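Each of the next two complexes has subunit A plus one more chain, namely subunit B in the first and subunit C in the second.
Let's look at the complex of A and B:
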């Protein structure tokens, strides 16, 4: 089943090294739409990523730094990148070799579709 | 456009000779809109060429843009108008330090320390003196002792640019050391700590589900700053913020130095 967000997720997942792309509700961590390639943990990952994005946003608000435009989490074997607008978080799970600069640009470009 | 910036822009458009260009350019600088901020500040400076604050603002924008030569020129212009200007003395100390002119850096910082608005320069002076080889282990000991006595100053030695701020939180989000200063200069460490409470645990769980191994860092960009976080011993968290103009590579180095400092301090603190 496809949603209004499916073309955005398809486009993101087409990039080399991208394992998954998801749109998640920040307030409850539920998946709105997704393109997954990493098995059955999508729901849990989405909830955790939404929570991490929320914490970043709230800490930025506490520090009077304005809205969070982009978040990147780096790990030994990959990275998670996310952008948010309103209650929605658009996130990408990528391999370490993925071009994070390009992913960042594509995520920021896709942000308009979340409005 | 942020409401403040819109309001200030409208005010400046109504009265181009007003001093409102100062808060407007400062707000734009803090949002990382450096080219626009510089244009506004320069226009203001053309109308108020002997205004120390305007030269100081142009200098700070130039530092954010990495133009240290121009920043130094502007701070020298400040001192011609206001010889005891603490911000300009401090700024020239920073510029000369970056240019490797360590004796001059020390002179400016010492003058800043004795000026009314220069603030505490001991950490910056110790860094310059250590770099110039004038002091060795003893100064390190003094710095470590100072940080141990006042945990708020834990990262003072590592952070030289006034736009940088760093904080060490325990696993529950309580502040262990450092300070998180917002763009207005207020200490918001506890508020930031409370919001980030539990984030390391969530990151670790997410990494486990994704089979990504150990997490290394979280970085996020906001309208006014870039913020980076990394793990410290005992599930503690080091949080560093810097102006949006800071190159990400430089921010990573800063985080690494703060983490090293935090780890040393925590180990030392436990031994004590």
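Let's look at the complex of A and C:
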């Protein structure tokens, strides 16, 4: 089943090292649409990453830093990159060796489709 | 947070669940409405009414699911203005339980669902099996049972 977000997710997942791309509701942490490689746990990543993104947004606001434009979490076995607009968060799960600069550009470009 | 359980094996998994999911209230009950464990309630009367209401809502959604798609609905989520609730069924060796979780903007439905899956697995692993139900001793098999018990007591094999 495809949605209005499917082309955006397809485009992001095409990049080298990208294991999953998801659009998640920030308030409830549920997946709106996703493109996952075999073995990725979409629901789990979505719930945790949406929670982190919400906390980051609230923290940035509390510190008078304005809106969060890009969030990156580096871990031992992978990294999560996320951008948000309204209640939607667009996130990518990638290998540690993936090109974050390129992923960042693509995420910010794709942000327009979330409006 | 105050946690009270009727059975000790529930306490550790429930405490972890409440902490991880950042729930403000959690209630574990038998589908009949009997409370098994609670976390976050301050007055006993609240627990009793919550159990009765959760049991009734669960029974309603089970029956509604059966009528609509031939099987019981497993979970129910209600989003209020400030608080949300998630009512879901867990299966263990001791039979089905219902878990009522109340959470606010500190958590989310995705997180609660994720950690509930973990709670469900932990309860299944921790639940001791139901004790075997002993049949009433009748005159017909009294002698056989007596012999079996004596054999077990004195370490002999069953008599033929």
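Some observations on this one:
Just so it is clear, the second predicted complex is superposed on the first by the 113 of 115 C-alpha atoms of A that agree within 3 Å, B and C clash if a C-alpha of one lies under 4 Å from a C-alpha of the other, contacts with A are read in each partner's own complex, and residues count from 1 in each chain.
The rule is short, and it goes like this: a residue touches a chain if its C-beta (ideal position, glycine included) is under 8 Å from a C-beta of that chain, and two chains touch if they have at least 3 such contacts.
Since this is a predicted model, take the numbers as computed values, not measurements.
Of the two partner chains placed by the overlay, only subunit B lies in contact with A:93; subunit C stays clear of it. By the touch criterion stated above, A:29 is placed in contact with subunit C alone, subunit B being left untouched.
In the superposed model, A:60 makes contact with subunit B only, not with subunit C. In the superposition on chain A, contact is made by A:44 with both subunit B and subunit C. In the superposed pair of complexes, A:68 makes contact with subunit B only, with no contact to subunit C. Taking subunit A as the reference, the larger set of touched residues comes from B, when subunit B and subunit C are compared. Residues common to the contacts of subunit A with subunit B and with subunit C across the two structures: 44, 48, 51.
Across the complex, subunit B meets subunit A through its residues 2, 31, 180, 182-184, 186, 188, 191-192, 194-196, 198-199, 202-203, 205-207, 209-225, 227, 239, 241.
Of all the residues in subunit C, the ones that touch subunit A in their complex are 79, 105, 107-111, 113-114. By the touch criterion given at the top, residues 24-25, 27-30, 43-44, 46-48, 50-51, 54 of subunit A touch subunit C in their complex. In the complex of the two chains, the subunit A residues touching subunit B come out as 38, 41, 44-45, 48-49, 51-52, 55-56, 58-80, 93.
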